[in-house]
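Following are the structures in question.
Below, chain A partners chain B and then partners chain C, in two separate complexes.
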Partner chain A sequence: MIKKLVVMLGLIVFMVGSVAQADDLTADEIIERVDDNQFVESAYLEARMIIEGRRSRENAMYVFIQDNNSFMEFTAPPQERGTKYLKRGDELRMYFPEAEEAVIISGHALQEGLAGSDFSYQDMMESEKLTELYDYEIVEKTELEGRPVYILQGLLKEGKEAAYYDRKMWIDAERFTWLKEELYARNGRLLKVSEAKELQEFEEGRWYPVETVMEDKLLKESRTIFIIDHLDFGVDIPEDTFSIDALE
Partner chain B sequence: MNINYFKKTNLKVFFLLIFVLFFIKTAAAVEIGGNIEMDYTLQGNGDISSIWQGGAELEFYLPESSDLIPRCVLKIDAGEGKTALKYLYLRRKGENYRLTLGRQPISWAYGSVINPFNYGFAVEGLGGETTTLAVDGLNYTYLLGQGRRLEFAVDYPQNVFDSARGFTAEKMGTGFRLRLPAAGLDFNLQAVSCPVEEPLIYNNENFGILTHRFNRAGLTFKKDFDDFALYGAGGYYLFTLDNADNIDDIILQLGFDSSFYLGEFHQNKVFIQGEYMRFVNNELNLGNLMALGSGVDSISTAETGTAEAVLPLITARDLLILNLDYQRDMFSSIGLALMAETEQGAAALMPYLREDLGGGLEFRLQGSFLYDGKEEITPGAGINLKYYF
Partner chain C sequence: MKYFFQIALRNLKRHKLRTVVSVFAIIIAVIIGIFYRAILLGYSESTFQNYIELEAGHVRIVNQEYDRRERVLPLWLTINGFEGEGLSGMISGLDDIKGLKGVLPRIKFGAAYSRGDEMTQLMGWGIEAEYERMFSSFEDYLTAGRMMETGSREIVLGGRLLDELGQQIGDRITLVYNTAYGSFSGSTFEIVGRMESGLAYLDENVFLLSLDWAQQILGMPDEATELLLFTPDRNQASSLQKQVTAFFEQKGVVEKYQINSWQDAGGIIYWLSAYQRMIYIVMAAISFLAAIVIINTLVMVVKERNKEIGTMGALGMKKREILLLLTTEGAVMGVIGSLCGAVIGGLLTWVTSHTGLDFTEVMEGEVISLGGDSLIESVVYPVFSLENIFMAFIIGVIITTLACVIPGRTAAKISPSEAMKD
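Right after this comes the complex of A and B.
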């Protein structure tokens, strides 16, 4: 009888201890695990971007990403086919297939949407880890569409530059990937809302959103759906893929 | 630079190119894409003229290898029933060079609407419209790394060789460009020498053609300042005439572009661009630059009262251009383009509306008000529908 009590007590202590450990994750630890999943060191992907507003348009593209560089080429629609973007560090260049010439995207043009989408050039440019850009704190732990989530609030660190000053994130508490994000301007205005509609496990424990919806809250009925049709992590990308000369 | 049609030699070259490529990669598919376009324009003051233009561009996406890239684009004018090669070239990509042979685009744009030191005459983003220069020639680009490059171009018009005179080098155009991009700054040195032909007509009799040389050399720059960009050009023009003294001039250009947001939530983007170009000695004018044409991509010309109405504009010693574009949403924008000169006050005002109708269809409604600087205003309007496939 006493033995059973001791075993049961041990089990209870163990279970309580486990729960206490999970709940003891700090905001930084949560975001670090998100970065482990989301931050891409090198990848190749094929994707579609469906822009919905008064009308709709679908862009198709393939993308190479490595460190702080990325290369993207549109394969559809016909009027965008052959248009390329090259991001090297903080500089973004665009190649026009008609003139066969590449130009630097001016600083003032970075706010506008990529190919008319709700993803701005600045959204594209951000390649630092979340932990490097924002200070996070846990708001609460709750549920979102049946998944346990942490809600975290992130404020841009002093001296850092990013597209958004304030980010509120709903992080899947088991998969450590974001499910929803609200992006705010410095004056508190809600600018965009992003939701991960579909996740896929690529490596064991590495979940990544393969369907994302971005809504621009400044525009009526404006949203962009980003669908990844093919994704390879950790690919070996030839060095000259990100050279300015290769763009033209 | 002459209009080129499907002459026998070009037809043979075209099919030979396709044939060779098929032998190289017989299993690879050739995709076809392009666009179909229709224009309807009304112009005039009192006597109104209307023009309908229709056409298409067909691009054959040919199989390419990592170091050999072919390109073939046909242009069709439905109204005149003419077909021409817009582009037909082979490009060889080496480790530190590019060699392009054939009919090809040459764009030495640097961010201005008109680059006075471009290889020919082209317009970039005037009221949302861009023309591209196409030449028959050779382009060799030596890559210096980090986007820097030295480019050398030679073009040979249709009449560079004839049975009567043989090869006439004076009819060839040449040019070079040294491009030096750096962080937030684009800097170019350019020099071009092109022939300009003038028919020698006396008492309605044609006495042949005079070939003059139009030589230009200058530098261009564009500097990005986050909220706006500043650009400019400066250089020298020398017109060597076949039967008269040379004419020269100095050209200066300064411009800016910027964008900002309007609306309660700053949701509507406004783009503004302005530039001013001046022929300092008043010896030459924009018309001399326009006479270079846009290369071989001039398949059809529209004879309207427009040419007379804009004459004061293109023969003046300076030119002011303003571009304003207001984005209503991601599918629609309205805008205004203004060209004006300060001597007589001639101006052209062109408001427009652009709509992406979805499904590859784009619509453009455009107006024009041409003021000759005295008292006459020539209004016009046009509709353009373009379908991409």
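Right after this comes the complex of A and C.
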């Protein structure tokens, strides 16, 4: 009897301790766990992008990602089919079926929307971990659509370059993936809002958004739904996938 | 009258240097007046012509929102017919309008040329070269090569742009652009022509391609960003605008599209038009400045000839006759000066109307803008006009003669007894 009581007490202490420990997570710890889920070292995915706005349409693509490199090719619709993107480090090259050579995209052009979507080329270019780019602090712990969330505010670290100066993130407190993000410019202007509409568990404890909605707040009635139909992490990708020859 | 004329001439010869200086002032004023107006007319004509050919037509039709956002070249705000049936249907419908000589559809879009880390911004104009030659000067601007063929991947570039990109005729160049869907795309084109218009914004920024190819690559089948309408005479533009507006009202699309006459433009077009109307006032003011020299001369003459004028009065010359005498002296100087000025000014204008005046160095780096685009050529050809010369002569004579009334009245008021006392 006493033994059972001791075990029960021990369990209670352990559970309380665990909860206390979770509540004691720092902002960096939370973001590190998010990075563990979100940061992709290598992957292959097939996806669709539904663009709603001035001229609505749906694009389909496949993507290879490895470290700081990525390769994407559009497979639909006909006017986009065959368009390819190759990101190697900080350089983005694009190849179009009507062109005889790939072109390098730089400067202001990186702010343009990928295939006219609300995701910019600059968004594509970011491949560093959040912990490397931003300093975070916890704003509060609350709920978002029934899920317990941490709200974190991140400011761009000095000397670092990123598409957004300020990021406010709603992090699922149990699955450690973002559910919502507000992205701000240096002058405090809200630029974009993205929401993860559907998450999927790929490996034990690794949750990843498979349906994301991005809204560009600088445009009227414009939003893009990004749906991942197929995703494999940790794939072996042939090196020449990220060569310029593969692009052209 | 002949008597007064003879006395006036004799008086003028008494102080030759003074007379010459006065006449010289009038000559200069008249020359300035003629040449200034000729240059203004030259600038105005070329600016109006460029504006009409490149920007506005005689009447321009655009999507209602396009005008407000034109700076970003919005390809989603297009002309696509009365009920979305396409541009061709609209152009066919417009054919019935009385006084309409031609319709030119165009697409203007942003593009870029990538050179490593640098992207050079350009502007593409999709045009129907075959119809454009009736109303615009693109073909005249060609200094090498030819215009692009319909349905081809050929382009013509501004000369300075070609040089900046390090390209030449025969080269193939890959350009990127945003389509009507807002997505980046790219194509490789063959450069077939080089144009030099003398207009910085055309020569440094623009490339021309066939309209149908532009529609294809931009995802704009049977659409355009603007329609330029032309009449036989640009002064009929307002009338055409009213007719087109009435026609669009009938079709129920007057709210969807904006229909503007070239004369509705603000900026430099407005100021040049207004200034043309005011130019005679400016010429009169310049002549009056010269007339001040004559006034000054005659005031001195009256003071010096106080006794003489008093004597004339004592001998029975009436006040109005003294006034007439002084005024005649001024008029003679005015006629001689204005005539000489008219001849020299006319000659100067005639010569420069053929050679032109090159302000390239002066204007280098200075852009006189109409919404950011430069439509003023760096070489101006003054307009030689007999009307201009005649008006300058008349204004010179009238202003000078009228100005002499002031010292004339002073002379007429001289009392013979007071004059004799001095």
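Rule of thumb we're sticking to: the second predicted complex is superposed on the first by the 229 of 248 C-alpha atoms of A that agree within 3 Å, B and C clash if a C-alpha of one lies under 4 Å from a C-alpha of the other, contacts with A are read in each partner's own complex, and residues count from 1 in each chain.
Here, contacts are C-beta pairs under 8 Å (C-beta built on N, C-alpha and C of every residue); 3 or more make two chains touch, one makes a residue touch a chain.
Model, not experiment: these values are computed from the prediction.
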{"item": "Three-chain arrangement built on chain A, chain B and chain C clash or fit", "value": "clash"}
{"item": "Chain C versus chain B, contacts on chain A by residue", "value": "B"}
{"item": "Which of chain B and chain C A:Gln79 touches, first, second, both or neither", "value": "both"}
{"item": "First (chain B), second (chain C), both or neither touched by A:Glu32", "value": "neither"}
{"item": "Contacts of A:Asp245 with chain B and chain C, given as first, second, both or neither", "value": "first"}
{"item": "First (chain B), second (chain C), both or neither touched by A:Arg57", "value": "both"}
{"item": "Partner chain(s) touched by A:Glu211 [first = chain B, second = chain C, both, neither]", "value": "neither"}
{"item": "First (chain B), second (chain C), both or neither touched by A:Glu101", "value": "both"}
{"item": "From 22-30, 130-138 or 256-264, the chain C stretch with C-alpha clashes against chain B", "value": "130-138"}
{"item": "Footprint overlap on chain A, where chain B in one structure and chain C in the other make contact", "value": "51, 53-55, 57, 79, 98-101, 103-104, 106-109, 112-113, 116-117"}
{"item": "Residues of chain A defined as touching chain B within the complex", "value": "51, 53-57, 77-79, 81, 91, 98-101, 103-104, 106-109, 111-113, 116-117, 189, 216-219, 222, 244-245, 248"}
{"item": "Interface residues, chain B side, partner chain A - complex", "value": "33-35, 98, 104-105, 107, 109, 111, 130, 132, 143, 145-147, 149, 181, 183-184, 186, 222, 224-229, 257-261, 263, 265-267, 269, 327, 329-332, 356-358, 360, 362, 388-389"}
{"item": "Chain A contact footprint on chain C (complex, rising order)", "value": "76, 112, 114, 116-119, 172, 174, 176, 178-188, 217, 219"}
{"item": "Chain C contact footprint on chain A (complex, rising order)", "value": "51, 53-55, 57, 79-80, 83, 94, 96, 98-101, 103-109, 112-117, 121"}
